[in-house]
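Pasting a structure below so you can have a look.
Lettered A, B and C in written order, each chain numbered from 1.
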Amino acid sequence: MGTKRCFALILSAAFVTQANVAGAETLVLNSYGGPYEAIIQERIIKPFEERHGIDVVYDAVGSAQQDYAKIKATNGRPGFDVAVMTASQSLQGCKDGLLEKLAVAEIPNLASLSPGLSSAAGPCGAVHEVQYLSLLYRTDKLTSAPVSWADLLDPQLTGKIILPTFQNIMAVYLLEMMSLSNGGDLIDNIDPGFDAMAKVSAQSVGFEQSSAILESYVRDGSVWAMPFWNGRAQLLVDEGVPVDYIRPREGTIPLIATLNIPVGAANKDAAVKFIDFFLEKSSQEGWVTGYRVGSARTDIDVPAELQRRQVQSVAGDKSLHLPDLMLLQAKLPEWAERWERDVVPHAN
Amino acid sequence: MNLLDIELVSVSKTFANMSVVKDINLAVPQGEFVSILGPSGCGKTTTLNMIAGFNAPSCGDIRVRGRSQIRVPPERRNIGLVFQNYALFPHMTVNENVAFGLKMKGAGSNEIALTVKDALRSVHLEGYGERYPRELSGGQQQRVALARAIAPRPSVLLLDEPLSNLDLKLREAMRIELKEIHEQLGMTFVYVTHDQEEAMAMSDRIVVMSQGSIAQEGTPAQIYRDPKSRFVADFIGKSNILAVSDVKPNGKTAEIVVGNDVRLIARAPDDDRPIRYCSIRPESVSLGAVTASGEDKSNRINAVVRRVINLGGSLEVLAQLSEELHLHILVRSSRSTVAPAVGETVALGIDAADIQTLAE
Amino acid sequence: MSSLALDSSPPRTRRRFTGWFSYLALSPSLVVLAIFFALPMGIMIGMSFADPQTLSPTLDNYHRFLTDGLSLAGFCRTAIMSLLVAVCVTALGYPVAYFLARSRTRWRAVVFALALSPELAGVVLRTYGWLIILEDRGFINDVLLYLGLIASPLPLSKNLFAVVVGLTHVVLPFGILSLMTSIQGIDPNLERAAQMLGASRLSVIRFIVLPLSVPGIVSSMLIAFTMAASAYATPALLGGAGFKVLATMIYEQVLFYINWPFASVMAISLLVMMLAISFAGVRYESRRRLRTAGAKGDN
């Protein structure tokens, strides 16, 4: 046999054995980087790999919307099996027929989730965590803790806040809360929200896209208050950074995060196993205590002081306002333009 | 009193451990047309560049009209330079090219216009002012380059093989023109070339360079008649160089032995150095022992004709004196001249004054 | 004389390389260009006429581009920024290019390395470097605040200034190379001739080198313009939300709004901008060429 043929044979043998070593499958998970990655690896992925013997490949690139754009562009075959996105993408993906419908038969733990939160995400999304938009502030810089969204307009905060870009859903939620606080509502009567955001923008040093960069402004003290997800806010508190966060008196909007499976995923078996694993009681307990977020399960054991600051359910909680996510998605392009015109120019 | 326009005093130039110019001494009086002549690599271009100011000498001094130029950059030396490839500014008209030097001096526009006209007239290019260099022939471009260099009235004009890009007929015509312009302007010309005919035709004085040093300097006639080395004898015109085995000086002449046993009477040597060669110009050998005026030539030798080439106006003859000795002979021929036959034995006549003894 | 059997294949071989064979030789490149250039370009142009939801043909996307104010603002911003970058790159690069073209000292190698080595670090790294220097809490502002020279940070980032600075840095090596090649093409004897006629170094550059290097200047500006106009990472990082150019706007449309038709219109507008500038540059250069033929100084 010639050298070339020999070489080819050896290579293909290696590939085959690689695929079948101890029967290991691969699951590609698209999620976030930063502290999210560290905690999810420790609390969810490693136990999952051990229990099921499935190799998890971690892809930290892309926000929820960007991931969905990729799913849409590839017609449901984006190259990953499970994506961490939000209820908005879950609903959109179901409508577009690009995400798998998740059944209790394959994912038994779906039954243990709070129905209100589950229905908010629709049949294509499994709610694995719940956060809300909090108001984060430096305890050492502000004389007294803020209580309202309107506190962002306080003169002592001029040039001391930073805002997310419109591509970050935090900006949209802030806009809606400003609207609600000023006599408007979450979707249709949004004008008061834009008027208020124009003024908030005048207080801001600018706009940033990623949570990590926004966080850095608060860490080094150049920013004294900003909107931020409560989970990450709590992580900052735990680290010892002199910050705290509040749920303002006007209330806030919850972020319902979901696990989704694209219709063209390569390994759907492993995908449903992963989701079921993530939704187990022990996993959710591990996740909640690790990432400081709320769970959609109603039966988990969580330390009291954590529980106080988390979201348990949306239905009973008067301080949580959930907009119609499908309507909201439809409004985004129009609001984005308005944001460019009316909000961005005012920033410093 | 003759002002020295250019002086090179013990000038040397070394490039990275290679000595390119070795201890040159040169004095150029005002108004002289001096040629620096030599083969490529002899150091003449480097010397020119040092006078122009593009290279600084490694040691020695360069003076123009008595003032040392060592720290003076080229733009302040007030020396003109005509390049081999003309280096005309392609984006300027002929007028603008010629005016450039005056413009740099800050001359007024009237003065510039007049001087440019003058300069173009002296190179016979009136009326070409609005043309661009690419519209001109090689010879015309050369003349514009000349006009441009002389317009700002420099003290000295350097010319770097300016005619080597022209064809033969044009070159010969330009030689005459250059000489005329030199006489008209009375400017000192330093002319660098490898073409010895050119140097002979135009120069008041020739400086022959070889391997970084001056081999010999003098008027064209002096250099031709009295070469002081084989190199000069061979480089200027054609010459027969024969090895000399024995010398017996005898007043104004000397008895020499060339080859194994051919005895000749040559010119007495100029100094005491041992004689090793002699040089005989082909045209100074006559066929037949009698000169045109009927006198006997000092030397009479028999030789066998080995080759005859008829060039029309002259005959080139190769004659063999002995087994290892050959002489190239050049004879002016006319209708009545009978060419010798190959193999014929002829008598050759050479005057003692025409045999130059050489030490090296 | 023996009749030499002349081998007649050389002429035949020569003939073989014209006609159909040359097209055959070109075909791999043509195929690659067709698949990876012509086809996607065609798809993109087609998509610009499609409705984002229904994909039916419409002119709405173009109408929106021309009337919504934001898109044309982005277009102008991109053009102005690219023009400024072109001017800065050429102005800053010219002295360096001249030095590299003419110098024969050992400094030449050092300067050459310094001019080109930033490329090794990659665009993103260098852009972040500028961010660290220019931010409100960055190096420059820190120093100025510390020295008490300013009361509040200077807005050096997230604006036109920062983007022009960052892009000039990124594009500069290309400008320098282009200018250097052009200056090298100018006969050095022309400069020496000018010197002998009394021109100082500055005059030589002003009257001889600059006019003759205009083609190089034009091509350097063209290169810089097109590189700046199509740049993404640097305007994204240094321009931020307040300074959006076409490249960042297209990115948003594709990845956030998933509005490929509108993104296509923006991309086509960018293409038109660059084609127009290139065309203008080439026209100008070909007109100038008629006047400065023979820049090498010999006919």
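Just so we're on the same page, a residue touches a chain if its C-beta (ideal position, glycine included) is under 8 Å from a C-beta of that chain, and two chains touch if they have at least 3 such contacts.
Computed from a prediction, not measured in an experiment: that's the story for all the values here.
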Chain at maximum distance from chain A, centres defined as averaged CA atoms: B
Pair of chains joined by the greatest number of C-beta pairs in contact: B-C
Chain closest to the middle, measuring from C-alpha centroids that were averaged per chain: C
CA centroid of chain A to CA centroid of chain B, Å: 91
Interchain centroid distance [CA atoms averaged], chain A/chain C, Å: 39
Computed distance of Cα centres, chain C from chain B, in Å: 55
Interface residues, chain C side, partner chain A - complex: 68-70, 136-137, 152, 155, 158, 240-242, 244, 252, 254-259
Parts of chain B lying in touch with chain C, wherever the complex brings them together: 52-54, 73-81, 83, 85-91, 100-101, 104-105, 132-134, 136-138, 141, 148-149, 152, 165
Chain A - residues contacting chain C, complex: 65-66, 68-69, 72-73, 159, 165-167, 205-209, 217, 220, 222, 332-333, 336-337, 340-341, 344-345, 347-348
Complex contact set, residues of chain C against chain B: 187, 189-190, 192-200, 203, 207-208, 211-212, 291-295, 297-299
